[in-house]
Every structure is written in C-alpha cells, then in structure tokens.
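Two complexes are shown next, each including chain A; its partner changes from chain B in the first to chain C in the second.
For the complex of A and B:
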C-alpha cells in the first residue's frame, strides 16, 4: 500500500503538533483510540467562549501515517470554525482529501471521533462552569 | 467427542456439511458425502464453502482440543496431499489441491486461540470496523457522544507510555541516559504484561459462556457474549502493541 502525496506531506510536516493545558476552561480535549490497529489520538481545541470559534487546535497521535495525517488535517480544518461548523466535519471528507484507501478509513473515523470528543469535553466544561459563575455573581 | 473426530476421514454422519445446504452427493458414486471424501466410495470431493469449524467437523465452540485438531490436520494432510492424486484425473487433482489449501488455512486459524476467536466473531457477523463507523455516523446525526470501545483510563495509560517511549527514543538518539525514565517504563511494562495475561483469562471466561450456549442450543444471549469477546480483543490489541513498542524501545 502506498500513501498519497497529501498523507506523506502531513506525515512529514504535521501541522499543529503539541498540547494545551487540559485544565483550562476554554480547552476541550479528545482522547480516542482505534482498536483495529492500536492507534491513539489526542486532539485539543481552544475555544473563544464569546464567539464559540475554535481559535487554536493541537494534536498528538501515536499511530500510522494515515492516522497522523488525518488528525493533522483535522486540526487544520477545525481552526477558525465555530463549534457547530466543526461538528459538521465528516470522516468521508477526510478520506477524500487524503485519498485514503479502504483499509485506512478507520483513521478518518478516529479523527472525526477526536473532534467530537474534544468538543464534547469543552461543552461539558462550559456546563459545569456556568453554575459557578452564577454563584460568584450573586 | 474423540470418537466422532476420529471418523472424520470417512464420516458416515454429516458433520461436514454446511448447515441448510442440500445434502451434497458424491460426484463419483452419487451417495451422500462429507466435506473431504465420499463416505461411500472414498473419492476426494470438490470443496464446498464451509466454515473452518465445519471443515474439521468441530462444533462452533472456542474451547478446542488442539491436540485433536493437530492429529486431524496431519491425517487429512496425508490423505489430501496432491502427491496422492498423481495418477487421478485432473478434477480430483485440482480438488485435492484446493482442499489442501483450505485445510492449511483452517488449521492455522483454529490452532491460534486469538485467531480462532476473531474468526468466530467474523463468522457470527461481528464487524468491528463497520460498528465503529456506524457509531460515528450515529453520533454525528444525534449529537450524542460516541462511546469509545477502549476505556478512557486505558487510553490515558497508552498515551502517556507512548510519550515516555518517544522521550526515550530521543534520548537514545542524543546518546543520553535517564535511569528514572527507564525505571518508569520498566514498571509500566510489567503492569502491561500482567494486564495482557489477565485479558486472556477474561477471554476464556467468555469462551466458556459461549460454549455453554452452543451446547444448550440457545441463541438468546449470544450477541452479548460476542460483544464481550470483541471488547476483550480490542483492549488486548492496545496492550499487545504497547508491549511490542516498549520492547523495541528498550532494545
């Protein structure tokens, strides 16, 4: 199996590798795994609470080239999007963009899962943070 | 059990027939036949699409007598070997070759406890990747969070250990040495190996539950056991890959 040029590009020059403080109230963290291959992917987003826009995204993936490329692309795509827009990203779009072969589709599924998990984590933080703010305001 | 297996070469019952198929007849003499040879005239038969358990005349159970399997494999190998059919007609030669190749695949799959389990899951229609994709599509449609098949604490452990391993590799490259890091990785490795063994125990518990259902002939509850087995195998994949990576990094 050979990788497409886009996969190789993301693999050699992964965008947005790194991590953010997962305790930060504006940061959402998604940690997901693909049991088919044992890959593990962490994707983090930093959201502006006023605009709901994802201002920054970081990832760290331990896995094959397709998994790294899928998550690298995912961070590029979510940046600048609102939470709702980011939730519309489909794994099939990642497959198309990276020309992933059928055996690597699960990598794109993993990347979509990571986006959703990160957004889910951020939303949960927002919900738990609100009552505290309300109390503080009283 | 042993009795019925020892008669596999020339079975007079029909353990080798695919369920629901019309009784195949011997191409040569026309009587009912089993998978490999005609029970009446002993001629080699064209392969029929049967699963590997059926091929060996075993029930679809996971606790498998591997000694009996091996014995059967060698016996069938001898009888099906293409050399035996040197003087036979072309069809028989071709069939013996096909049967031999299926025999090898079946043996390799059933002999290995993990491959055997994975094979049974496939036979029973448990497709991991398909399930995962559907769960993601459902999460997209409903806005609910997808339940990850791997428990979060295991994922954390996997992720952290991978970070340590990366650190170790970089240190090695730079010619540095960090005893504290090595010790930490060593400890993690021990805990992983324990986990790995424990997971096999968990799998065997599910095997027993499955075999009991097969014996009782009930289908209720099958799905639950199959899902539990899949869950164990999923976690095991992670631990296996990690142990492998740790060993590579420590070399």
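For the complex of A and C:
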C-alpha cells in the first residue's frame, strides 16, 4: 500500500505525542479502539474552564500509519478550538486532509471517536464537584 | 536506473534500489517466503529456450522439438534427484497453486469410490484450504486438524482422525508464514500404514531442508520454481509410481501431455530454470542452510537482546533455516513496516491483508489477535548478507522503540495496567 505524503509526514513527525495527567480536572481523556482490532487511540485535551478553549492536546496511538496520522492530525485540529467547535470535526474531513483510502476510513472514525470521548470525559468532570479518581477509560 | 525511450519499461513502479556507504543496497529484500530472487545461473540456463531453442517439447519429428524435450527431461531428472524420486514421477505444472489443486482434486476424484474423507490442517496455504472447501461442496468430508502452540500437528490427533473413509491426508512440509516444519516422515508412515494417500505442499521446504519422498513415505508433493531461486510460473508435482502407485484424475483436459495428468504445452524455459534451481539446491543445500540459519539466528539475537516483550511465533526447533516470525508487543505490524520501509518483509497484521483479519496461521497457534497484529515475517535467503542482517536488526529495534513511545498500550503496560482486563470501547468497529 502506498501512503499519501501527509500520512507519511504525520507518521515520521507525529505532532503532540505524549500524555497529560488523567486526574487533572481540566484534562479530558479519550481511549478508543481495542488491541484485538489493531487500533487503540488515546487522545487527551486540556481545556481552559473559563473560555472552554482546548489549550493543549496530546495523543498516543497503537495502530497503522493511517491511525497514527489521523490522531496526530486530530490533536492539531482541536488545539485552539472551543469544545463546541471541536465536536464539529468530522471524520470525513480527516479522510480528505490525509487522502485516506477506503480501507483506512475506520482510522478517521476512530480519531473522531477519540475527540468525542476526550470531550465527554472532560464534561463529566465538570459536572461533578471534585475530580473523579477513576477515569472512564479504565 | 536509467531507461532510454526505446526500452520503456511496462511499469512505472521503480524499485529504485540504491547503494549506501556501507555497501548495502536499499531497499533490502528479506521476504523470501513470498518469492525469491532468481539465481543468475538459473537465468543463464533458461535463456536459450526463449529464442534459439524455442521448440515445442511435444514435437517429435525435428530437432527444435528434440532440443526442448531434452531440456525438459534433464529438468525432470534434476527435480527427481533433489527429492529422491525418479524422473517419471515428476509432472510439470504452472506452479504451487495448480500443483495443490491437481493433487487434492485429482486424488479425491480418483479415489471417490474408496471413500470421501480428506484430512488437512488449519495452517495450510489457501491453495490447499480453499481446494478442500471446494471439495466439501461436492460432498467430500474434510477434517481441518488444529495445530499445537508450536504450530505442529499432533500425531495422535491425526491418527485418531483417520477413518475407513479417509482417502487423502494433505499437510504441508513447511509453513509459509512461520516456517514451521511438520513431522512429514511420521505423517507419511502413519498414512502408509493406513493405506491413505499422503500429499504434502512442499514448496517452502524443497531446496531448503532435505526432502526424500521414499524415506518420508510421501505419495504426492507440490513444488514451485520461484521459492527456490527459479522462475515464477513453473511448478511440478511429484506423483508416486510404485509402492504404491498413485493415480490422479487430470484437472485440465487436452493433448494428454505429462502422461495424461496435465495437458498443455510445456513452459520449456521455465522448466529448464526450475530444474537448474533444483540442481543448485541439491549441490549447495548443506552449506547454504547452515549459512542462512546463522544469519537468521544473528537477526533473532540482534532483536531479542535489545527489546523486551518480543515473541517468536512457532517452533524454533522445527523450522526453516531462513524463517523468523516475531510479534512485537504494543506495536502494530503495518506501522512497523512503514517505519522500516527500506526493508521488504511481511506482516500478519490485518492492515496488510485484503480481509482486514489478522493472520489465520498465527491465530491457529493461539496467538492473540493483538500479537497477531504485531507480527513481522522475515524471510532470509541465499543473497542476504551479514551486513544486511545487522542493518535490519538496528532498524527494527530503533523503530519498535520509537513506536512503543507512541503506543498507549505500552504506556499502560508500564503503568501496570492489565490490558486483558480493560473494557475496550471498540465494539462498534
């Protein structure tokens, strides 16, 4: 299989690799996929509670090059966006940006799921008075 | 490589092999189970049969035909010699898939009166499994033997699986993914004692490890040229002629070539090449298998001494000298291939297959899907060098380390999370 230049670029130079403290009240963590399926993405966002703006994003991905590129791109796109804006990111936009072939569309779906899961986790934290110890992911 | 306008290549895909300062040419070919590069001595043997000696081996009345026939008969002898057979027991085909089809369908059809039961193993090549599935549709009963954790068929299980209606056991000599060598001699003995025809798909084994059809009680064996440094599109089938005589129903009708078992004008250049490849293998196998096993072990040590949580798939003891199949926990196979894209190898990852299912061979060993997704098959061959092995070892190690830094699974495992106990939110995919 040949990859688009953008996939290769994200694979070789992934943006925003890393982890943030899951317990931080301002951090939302999304963990989607399964090792048996060959893809697991962890995407984290750090949100400014005053502005609802995603100030930082980090990811780690187990998966093929397209999965790594999709999640790397997702972190780039959510940074600087408000929660509501980030929720508008569609997997089809990721497919287009990375020129993913049909067999790799599920990678973009997973990246969208990861964004939603991270936001969902952050929202849940906001609803509870104090930070919750156990995270949804585990 | 430069091409001038007069000799335009048919494909735009250039391999673009380039030399590096340390004398290695990149990309490195280390996928010798998929196919082998042709040995220059084989090509040399083939060349006259394209132009000057172009005759049809079936033309009995002129020197053009005689020259072609001579090449074909020499090839038959060379193949027979490599496997301890006689020349008359070798039938030429187009390759392994045809040989397997002819062997299995031909035996099934011939012995239909005697019984309708066929035994094979779950780790066979698709050319065997799908042929068996086809026969199931025609009313044959097929037992698909499981394999043990090391990839080997359990002989007691096999003994129990044979019944009064069993007409054929078809089990490969060496596996194409994990290189595991089945106990062919023991299986042959068992089949002989029970009067059951034994076919073995020996395409990965022949020329790499000793195969003797008499010592191993093999009745029918599939052979192909391009797995042993010969040409593609040239294969053969060994069919035992005595003690006992095995008969096949032809699957291709026509001019009655190959003693009626396989009609069709013979591919003389390909056959000449296949024969030469067998002659070279016969001559050089002892030293070559030793050298290749040394390279394979060097690669294994290079990787395993520097990485934790890497697992070898299949028996190390009963294995082709050139095969190494390893799972790198927490790293997905295709992303690893992408990272070592200057090395040509294969992965059992679903992402590299058309079906999006990880390797059925690895699953049959009880390897979890997660580790099956993480597997790489290295196929070391005649033309690989120590310098290439060292380069490959270094590139694999550095890429696995980089991808593990990127892997949430590796991070979780290091934090002490039991990945098996995690409820993964992936049901929708």
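The working rule: the second predicted complex is superposed on the first by the 125 of 138 C-alpha atoms of A that agree within 3 Å, B and C clash if a C-alpha of one lies under 4 Å from a C-alpha of the other, contacts with A are read in each partner's own complex, and residues count from 1 in each chain.
The criterion applied here is as follows: a contact is a pair of C-beta atoms (placed from the backbone, for glycine too) under 8 Å apart; a residue touches a chain by one contact, two chains touch by 3 or more.
Just so it is clear, the model here is predicted, and its values are computed rather than measured.
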item	value
Simultaneous placement of chain C and chain B on chain A, clash or fit	clash
Touching partner for A:112 - first (chain B), second (chain C), both, neither	first
Contacts of A:32 with chain B and chain C, given as first, second, both or neither	both
First (chain B), second (chain C), both or neither touched by A:14	second
Which superposed partner A:120 touches (first chain B, second chain C, both, neither)	first
First, second, both or neither for A:67, with chain B first and chain C second	second
Partner chain(s) touched by A:53 [first = chain B, second = chain C, both, neither]	neither
Contact breadth on chain A, by residue count: chain C or chain B	C
Contacts of A:87 with chain B and chain C, given as first, second, both or neither	first
Segment of chain B intruding into chain C (one of 45-53, 81-89, 117-125 or 207-215)	81-89
Chain A positions touched by chain B in one structure and by chain C in the second	31-38, 40, 42, 60, 62, 106, 109, 117
Of all residues in chain A, those that touch chain B in their complex	31-38, 40, 42, 60, 62, 87, 90-91, 105-106, 109, 112-113, 116-117, 120
Residue ranges of chain C touching chain A (in the complex, touch as defined)	330-332, 334-335, 338-339, 349-352, 356, 358, 368-370, 373, 405-411, 417, 419, 422, 424-426, 429
Residues of chain B touching chain A in the complex	128-129, 132-133, 136, 139-140, 143, 145-146, 148-150, 152, 155-156, 158-159, 162-163, 166, 233-235, 237-238, 240-242
Chain A - residues contacting chain C, complex	1, 3, 8, 11, 14, 17, 19, 31-42, 60-65, 67-68, 103, 106, 109-110, 117, 138
